[in-house]
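Below, chain A partners chain B and then partners chain C, in two separate complexes.
Showing the complex of A and B:
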């Protein structure tokens, strides 16, 4: 097929990804009478936002005294001072409005007896800049993500947003000046390819938890938007910061909440030793997440792991009274029965650290514009390109995200990006002409997988499995220079192997093998960004915790990493420590 | 590849894609079931499975994790079969 024959559709705005960030932006745009297309590889309400059960933070002060400035302090401190304070101020100020908006869109927030929105306390929340516990998280029972996603989807249907359900975005399309003008996509059902021309494009494709063997993320979280950005010449920011949770079900990934250890559960190795007593004699099993995660890793690495492959440790709850398990940890009990066929009242649970949240991503400013360094300017907007949510790095989470801030992030910056797009559309009323080379590149990337001459190439499944193992071993919770250097080498080898991989399914209809191959290409690019960024940062900050550089080093490292695919080059830019209107929070030790 | 085989591989691909959900728990349960057990279902059970795939993720999660039970016996039985296959 000639690229001239590929059908073209035109929209004011193209949104890639239909989670909360993408749908919030789409709604704002559709209500402003822009023509909006949303491309999503899965049906929109099956996006990963649905898994966010916790809630969203906003200083409503419905339960305890609160204000946005305290929320801002907690977020800056939680980010280990790597978060941009202007963006954090913007988000915390906008939070109450974001909650009320969602309520008006139909989210049934849980209520207090006085009718106000209920708010629960969460880790990292304080009153009065580090004082008493605050209660800041608004939730729709334990299904906040589901409620938000469904409300936004229904609102978008009402507002006549155009959905391309089960379409896969291959690459961004540009003109000769580098302006982003849409994307090359195909219909997963029929294989039909389409060029979507758009005056503006917003990437909202979520995180990349599938980088790791053990993850809480769904299979769809393959960093597609981040891969697209890298291939379009946009660097990724702060990719070394990936949040891990110490106790995921081994080999499966889903979370066993800290509450299990809070209720008296403890970890043991193959010898039945309560090993946390050695690593954290005082806090033991309730030590901070990174300490517990690293201890589990060390036990396994040193041969004291459990199971036939000695690849996990055990979380014991069987000494707790059954009524405690049933009344306080019912979710855990059901999860274990369903996925392991064991009742934690009788047997211990096999656990291992699990990858949870991508703090880094596509660099943006607080209007959602993607920004890149150009000559001496660290943050020059890429015309026509926006990003929001977990795929973006605005950066409100810095080195570590606080619970309850991710749903807030997607809603605040999805809306903010849309507002900037609306302004842009007023000033740019016509479509710019596409560069045919950029279309050809996307076409070639897709059709490289049609090549049957290499039918003996390696399997995509094997390479993905190897990548997830290498990333877990070499860029997970245990980081030293040797481990990370080895990771760079191993991921580079895998990237080379991927070039020789092939797929046997050549059908046009529902060719999931081809999609998995394209997803793996995205994961590979993101893996390189992650391990190269991590190997270079010789300090411990937030989720990036290194054995050989145990301390935070503000003098050398209070800066954002920028990784570019071209030559796998690293660059840095300063943290925006100046808020919009208040005094900056200077770095302090992050102790709780 | 004959037409029948081609059709059946397409059906499996389509089914596998419908099993891609927003939650890891559902990915594991549904994909594992399709890989291991789906072909052993009767035609009626296959229809029920396809109907269940149209449920919202949160509802599926509640059914599979035992937070809720379906009043439809066919669905209830299928949910039990899927749960049992996950823990093997």
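Showing the complex of A and C:
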């Protein structure tokens, strides 16, 4: 087919990704009467937001005293002072409204006796700037993500949002000035390619947990939007910070919510010792995730692990009343019964730190505009391009995300990006002309996999498996220069191998082999960003723990990393330490 | 492990056929999806949907030895061999185990599955007691996998007129929500010989629901609400 013959569709706004971030933005835009197209490689309710369990943070003070400023402090501290304080203030102030909106959209939040939304304690939460434990996480049992994603999809049905379900986005399209003007996509069902021209494009494609072998993430979490951004010349920010959730089911990866500890569960080692008391005397099992994950890793490393191979610890819930388990944690209870044959009401759950969340991503400001360094300006918006949610880096999570802040992030910044887009559309009423070269590039990227002359090329499956192993071995909970250098070398080799890979399935109909090849290309670019950024950062901060540089180094490293695909170059920009209205929280030693 | 899998690619196959597979490296703690992922490494042309691997996204509904279920939470132990896998019944097949779910999603949209509050909204949450909220348990957890509707004979006979168990469960979810103010319209819209009343309580839906939900009971509750309304 000739490029001129590819059908074109025109919308005001294109959203790539139909998880919570994309759907929140879509709803806002549809209600503002913008024509909006949502492209998603899976039916919207299959997006990974559906798997979020514990809840969404907001200082509602329904259970214990609270206010947004305490939430802000906890988030800044949790980020190990790498979070941008203007964005954090914005998010924490917006949080109560974001929750009430979701409630009005129909989310079946669990309730307190007085009829208000139930809130549970979560890790890293405090009252009064580091005092007593807070209870800030609004929950729908342990299915909060499911409840939120389904309610948002339902509201989009009401608003008649235009969905392109099971369409795969290949690449962003631009004009000659570099303005982003839509995307090249294809229908997974039929293989039909189309060009979606849009005045604005929002990337909301989620994280890249498939970088690792053992992960809580769905198989679809392959960093597609991040790959697209890199190929469009946008750097990725802070990719060295990858969160390992303390309680994935050992060896399998299924998530056991932090809410399990919030409801009173705790971790024990082989001696039955409640070891978190040693690592975090005040917060104990509800310290930040990076702290708890390192503690579990250390217990196992020092020989106090459980099981025949001493390779995990135990999460105890069997002391909790059964009605608490059934009303507050029914989902994880069922998961344990299904996958382990263990009812947590009777027996503890074997857990181990598991790859969970991409703190880094596409750099944006708090209006969701993608920002890149131009000459002396560190943050110049890319006209027409937005990002929100896990694929973006605002950065509200800095070096370590607090549990309950990611559902909040997607809703607050999905909404704020949409509001900025609405404004932009008022001032930019016409479609600009595409640069045909960018169409050609996207076309070439897709059709590179049609080449059957290379039928002896390596399989996509082999390379993906090797990549996940390399990342697990070289970019895990604890890191050293040697291991990271080796990781850079190994991932570079894999990237080279991928260039010679091929697929045998050439069908146009629901060709999942082709999808997986395109996904692996995205994942590979994200892996390079992650390991190159990590090898350069010679300090320990949040989730990036260096054995050879054990301390945080604010003098040299209180700055954001920017990785570009071109020459795999690293650049840096300052942390925005100035909040919108309150006094800045200066870096302090982080103790829980 | 031996498997027999329904294969059909309309681009290349004149008609569907069953393909036999043999897989040696299957361990007893695996789920059926793990087996399918291993098979796919051998035969990349095998088509099926999958995502979360833990039974919350609803992608991998299929017919397993004659019963609908999710591959990712179906343990391989206890499955009779050869394990026979077919697409979910009565929906058009796109390819292999992948069905076109448009009809199913249309039924879902037809019941207006969104909270409808007519009063002005407060600046905080709408209040709901724990008891009122408990009434949504067993209704809101649906993952739209399609296992129930495509196992329902009433749906097989009247796929365009009967709304099917999944959509009716959603209708019940909003009728049962103390915050919703459209009960009247919802009941009226369902008061039709086909949409609701083609449920003959065969209860296949209850048997196959991977989330342990009970659409038949939900349908019964809607009928009760209709009777109450008419009195």
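Note that in this section the second predicted complex is superposed on the first by the 489 of 592 C-alpha atoms of A that agree within 3 Å, B and C clash if a C-alpha of one lies under 4 Å from a C-alpha of the other, contacts with A are read in each partner's own complex, and residues count from 1 in each chain.
The rule is short, and it goes like this: contacts are C-beta pairs under 8 Å (C-beta built on N, C-alpha and C of every residue); 3 or more make two chains touch, one makes a residue touch a chain.
Given the structure is predicted, the values throughout are model-derived calculations rather than measurements.
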Chain B versus chain C on the shared chain A, clash or fit?
clash
Looking at the overlay, does A:337 come into contact with chain B only (first), chain C only (second), both, or neither?
first
Would you sort A:303 into first (chain B), second (chain C), both or neither based on which partner it touches?
neither
Who contacts more of chain A, chain B or chain C?
C
Taking the superposition as given, does A:281 touch the first partner, chain B, the second, chain C, both, or neither?
neither
For A:586, decide between first (touching chain B), second (touching chain C), both and neither.
neither
By the touch definition at the top of the document, which applies to A:151: first (chain B), second (chain C), both, or neither?
second
Quick check for you: in the superposed arrangement, does A:504 touch first (chain B), second (chain C), both or neither?
second
Identify the partner contact of A:110: answer first if only chain B is touched, second if only chain C is, both if each is, neither if none is.
second
Partner chain(s) touched by A:48 [first = chain B, second = chain C, both, neither]:
both
Among 60-68, 114-122 or 168-176, which stretch of chain C shows C-alpha clashes with chain B in the combined arrangement?
60-68
Chain C-contacting residues of chain A that also contact chain B
42, 45-48, 50-51, 143, 146, 150, 189, 218-220, 254, 331, 334-335, 338-339, 505, 507, 509-510, 512-513
Flag every residue of chain C that touches chain A in the complex, lowest number first.
9-12, 31, 40-41, 44-45, 47-59, 73, 75, 94-95, 98, 100-101, 105, 109, 112-115, 117, 121, 123-130, 132-133, 136, 140-141, 143-144, 174, 177, 179, 212
Looking at the complex, which residues from chain B come into contact with chain A?
6, 9-10, 13-14, 16-17, 20-29, 31, 56-58, 64-67, 83, 86-88
Contact footprint of chain C on chain A as seen in their complex:
42-43, 45-48, 50-51, 99-100, 103-106, 108-117, 140, 143, 146-147, 150-151, 154-155, 157-158, 189, 218-220, 254-255, 331, 334-335, 338-339, 459-461, 503-505, 507-510, 512-513
In their shared complex, chain B is touched by residues of chain A numbered 42, 45-51, 143, 146, 149-150, 166, 188-189, 215-220, 252-254, 331, 334-335, 337-342, 505, 507, 509-513, 515
